[in-house]
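For reference, the structures are reproduced in the following blocks.
In the two complexes that follow, chain A is the common piece, with chain B as its partner first and chain C second.
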Partner chain A sequence: MRLSPTDWRNLTLSALALAFVACLPWLVGNYGLSIGVTIVMYTVLATSWALFSGPTHYISLATAAFFGVGTYVTGIGIEYLPYWTLLPLAGVIGAVLAALVGLATLRLSGVYFVIFTLGLAEFIRQVITWGQNVSGAKGIYVLTSITEAHIYWQLLGLAALVYLLGWAIGRSRLGFALRIIGDDEQVARHSGIHTARAKILLFLVPGSVAAITGAILAPRYVYIEPSLAFTPMLSFQVVIMALLGGTGRLWGPLVGVIPFTFLWEGISITVPNQTTLLLGVSFLVIVYLLPKGFVGLFGAIRRRMGSEGLV
Partner chain B sequence: MSAVLSLRGVTKRFGGLVAVNAMDFDVAEHEVLGLIGPNGSGKSTTLNLISGALPVTSGAIALRGSPITQLPAQDIARRGIARTFQLVRLLPSMSVLENVMAGAVFGHRRRWGYEAEAVAQTMLEQVGLAGRGHMAVGQLTYIDTKRVELARVLAGEPRVVLLDEWLAGLNPTELEEGVALIRALRDEGRTIILVEHVMDAIRSLCDRCVVMASGTKIAEGTPAEVLADPEVIRAYLGDDDA
Partner chain C sequence: MKRRTFAQIAALALATGFAAVPASAQDTLKVGAVAPKTGPLAGGAAVSYWPNVKLWVETVNARGGLNVDGKQMMLEVIEYDDQTNPGETIKAVQRLVEQDQADIILPPYSTGLNLASAPIYHRYGIPMITSTATTDKADELSAQFPNVFISLGGAQPIALGAVEVLTELRDRGDIGNKVAIVNVADAFGIELANVAKPAFADAGFELVYESSYPLGSQDLSPVMKAVKSADPDAFVAFSYPPDTFALTEQAQIEDLQVGAFYTAVATAFPSYAGRFGESIEGVLGIGGVNADDEAFQTYAARHEEVTGAKPDYWASAMVYSTFEVLEQSIEAVGLDNAAIIEHIKANAFDTVIGTLDFDENNNNPSFWTVGQWQDGVFKGVASTGREGAVDVVVKGPWK
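On to the complex of A and B.
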């Protein structure tokens, strides 16, 4: 793979930005760091979500399912396995689960996929609740010496991986195939693209990444139970943030995550019961004003300035 | 003369309706075969069966002797049968060049990177769109969208090209250009199946014609022969004129 000077410049700038945000734990207090963790967590989830849902236009609400499975991998596994094996293990389990979901649903399109992914999180949650009722245990305590800063750095590392992966996919035949599928699936098939395989392959990415994210965050919760680990709110937040930023570019979800997280925090502090309202209003804003997210808005502004000879 | 593509007893039923009934024909290498007949006679359905857009109810289709009857569309495309659509289908979010690259990257001969781009550029030149690769597909005129689709099909270097009413809807000037373009493909030695209504084009382009009526083959031969056949005239015009 040959890299152009622009690629090298972008890579260097990204590495510098990463190094800078990695210093956050020394720059801000506990509250600032906890917001940092939230931002990086949603950046990872929304970016990996957009890698699949952006080109294919399949709205997946399965984030909570994969995330919850990841938290339970850490919750249960921490007693029997060394911590460093848990993250790759969560990634593999997430990928296998995504492959199964993909095989079962990606041949169908549109609404069926959305409903199935929403039901999946609920289904797994019920299975675990049932397991707890049978065994008599309620939640699981995850007691570790892992600090908030450790979680933050792990998430940053995962974010870097997701961006590299997204960049590599964008330059690959798989990325091109998915853009074609997103435009016209019939043309894709008649051009020789194995559409089902391409979609399943890419669906492994958000599945695996969300499971690893859950595994990283489990120690932060200390006590995990199904209603917390599999909350459907997580899936909706990820979708809203990614769409608000825009799925057309790799960095799109990030510009949705940052303002949304601060708004969410602000509302949680002042009027804590109105967070659902924020979700609803954001959704309306996306549908009516920003169908292509902030990315589309930036593009439109740049075009307008360009046509007036300002750029 | 060996058959590149052969159909034997190919039948398609939609419930009780037999859309294509026991079609038999061969297409030889470098041949342009016209598939003609009145509206609703099953021409486009036959094309959809060959390209794998619809599953075959019974019968067999073979490409150079190997069966492709039950293969999904993407495998048929990879083996070398590429098609255009009756209603032009382009990729709206991509540039003209990227549209054509889709064929070069995933078609019968698969290429990637600079090589795929070079092939796509050559194909654009061939269909008369040199220098317009950067344009958005929304900016194109109707005949140019058809050219892009043709270039995408050719970019994969298919063994057989299926053109589904590629000349339909063109004005007289465009029609002349279109016929000249397909004649150029024919002179290159491409193997083509043409579903068409434009009689002048059929006369000047086709080596052979297969005529369909109500899903059944009613005649086969040179354009002059089949167009003089009383049964073909009856199928098109009704009993009184035959």
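On to the complex of A and C.
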């Protein structure tokens, strides 16, 4: 793979930006850091979600399923294994689960996939509950000395990996194939692209990344039980944030996550009694006013300025 | 235009969110409270938690505020909704400490959310006197987080309390030896059932039926039909709020005739009595209070007067008692968190549930385990050392 000067410039700028945000724990207080953790967590989840759902147009609501599995990998594993082995392990388990789901559903299209992924989180939650019923164990305690700053840095590292991976996929044959599938699956198939295999391969990314994210965040929750680990809200929030940013560009979800986190924070502070209502309203506003997200908005502004001779 | 309007609204929301809370007069203390107002646990918090926050602040302010180092300070509440999401609980606690600079922070609601935020309370050194968390690991928790106190007890004594009450009824000759046990297949239900089943067997009971049903089951009539056909003398359900109601209703439809009928969480709720009226005479459940105690009666009357709703007969009074512990400790030693924690460890407190005295593991060893509806009041019949238990009575036919 040969890199152009623009690529080198972008890589350098990204590395500098990463170095800067890595200093956050020293720049802001604990509250600022907890917002930072929220932003990086949703950036990782929404970006990996958009890597798959952006080109293929398959709306996946399985984020909570993979995330929950990841938290349980840490929750159960921390008693028996060193911590550093748990994150790759969560990634592998997430990928295997994603492959199984992909094999079962990605040959189907559209709404079947959405429904299946929504049901998946509930299904795994019930399996774990059944396991608890049989074993008699209740919630799991994750008592570690891992601090919020450690969690933040791990998430940042994961975010860097996700961006690198997305960038590499975008330049690869797989990325090209996926764009064709997204435009017209029939055409892709007739061009000789193995569409099912391409989709399953790509679906491993959000599955694995969400599981690792869950594994990283488990120590923050201290106490893990199915209803908290598999909350369906998570899947919906990731979709909303990714759509707000726009899935057309790699950086799209990021520009959705940041304003949405602050908007959500503002809503929680000012009207704590109507958070869910306002979340629904903001979702409607986003869908109606920004159907292509901020990415689409920026594109439109640039085009308009271009036509007026400003750029 | 529309886009701009949206941007303006968003900007406004952000601006208001981040604007500092108006500078308050010096003689006001900010009290932070974080608990569910939405999500799965919002219903329970609306019964047991939020009304007590309101009642406590109004009560303290009505008597002229809190005496801090000789100065009367009025209380002002900042409430946040954590959406039953531990990540939000953690964030809201940090926001209370760092942005709002709250002087007092109350513990959150439920076992999961209390434990999830324990490290944050611990890092800030805030005394965390939990009142809605049940755990059998109080010793481990207090070793890791010495600022955390547990007052509501654990699953083990609660389940054993049920066994003890049924054993007493049997030994008196009021009921026979056959017991049917069902449980909701979720955390607390599973834990209770796993303690109770072997304990019933050890006590010489015959388990004629045992089963579990998934959380959120809509139709429990098959469960109750199976229970009825097993012809038990006593029925025990380690249930959650929706199924506590559903099982009671099905038992009345099937006309299950047992001398002891036990349902778990929410049996002590006023809405349970509101729903079934006098027909629940003799029903047993988790919790209970010393209903004849004057302190409790005054509390219950004030609760109804200030919040417009009756307290429940399990966690409500416990929640309020822990606020009283905090109140008394602050008046004794001021706002120094470390001193407050030491004070709580070293002293016993006179509260609406009676004396509250934490042991060396920061655990309240004496709490109500089983209550029974008698004459429209859910009275405590078994506890781990509380005063005022009444005799358990055998349940008659459904009215």
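We adopt the following convention: the second predicted complex is superposed on the first by the 309 of 311 C-alpha atoms of A that agree within 3 Å, B and C clash if a C-alpha of one lies under 4 Å from a C-alpha of the other, contacts with A are read in each partner's own complex, and residues count from 1 in each chain.
Throughout what follows, a residue touches a chain if its C-beta (ideal position, glycine included) is under 8 Å from a C-beta of that chain, and two chains touch if they have at least 3 such contacts.
Since the structure is predicted, the reported quantities are computational estimates derived from the model, not experimental observations.
Engineer: Could you tell me if A:176 is touching chain B, chain C, both of them or neither one (first, second, both, neither)?
Structural biologist: The first partner, chain B, only.
Engineer: For A:263, decide between first (touching chain B), second (touching chain C), both and neither.
Structural biologist: second
Engineer: Is A:47 touching the first partner chain B, the second partner chain C, both, or neither of them?
Structural biologist: Neither partner.
Engineer: Quick check for you: in the superposed arrangement, does A:63 touch first (chain B), second (chain C), both or neither?
Structural biologist: In the superposition, A:63 touches no partner, neither chain B nor chain C.
Engineer: Spot which of chain B and chain C makes contact with more residues of chain A, would you?
Structural biologist: In the superposed model, C touches more residues of chain A.
Engineer: Figure out whether A:237 sits in contact with chain B (first) or chain C (second), or with both, or with neither.
Structural biologist: So A:237 meets neither chain B nor chain C here.
Engineer: Which bits of chain A are touching chain B when the two form their complex?
Structural biologist: For chain A paired with chain B, touching residues are 173, 176-177, 179-180, 182-184, 186-195.
Engineer: Taking the touch rule as given, give the residues of chain B at its contact with chain A in the complex, in rising order.
Structural biologist: Of all residues in chain B, those touching chain A are 51-53, 72-74, 77-78, 82-83, 85, 89-94, 101-103, 105-108, 110, 112, 152, 156.
Engineer: Taking the touch rule as given, give the residues of chain C at its contact with chain A in the complex, in rising order.
Structural biologist: Those residues of chain C that touch chain A are 2-3, 6, 10, 13-14, 16-18, 37-40, 79-81, 83-88, 90-92, 94-95, 97-99, 111-112, 115-116, 118-119, 123, 137, 140, 144, 155, 185-188, 190-191, 194, 212, 214-215.
Engineer: Note which residues of chain A are touching chain C in the complex, please.
Structural biologist: Touching chain C: residues 29-32, 34-35, 38, 126, 129-130, 132-133, 136, 138-139, 141, 143, 217, 220-223, 225-228, 231, 233, 259, 262-263, 265-270, 272-273, 275-276, 285, 289-290, 297 of chain A.
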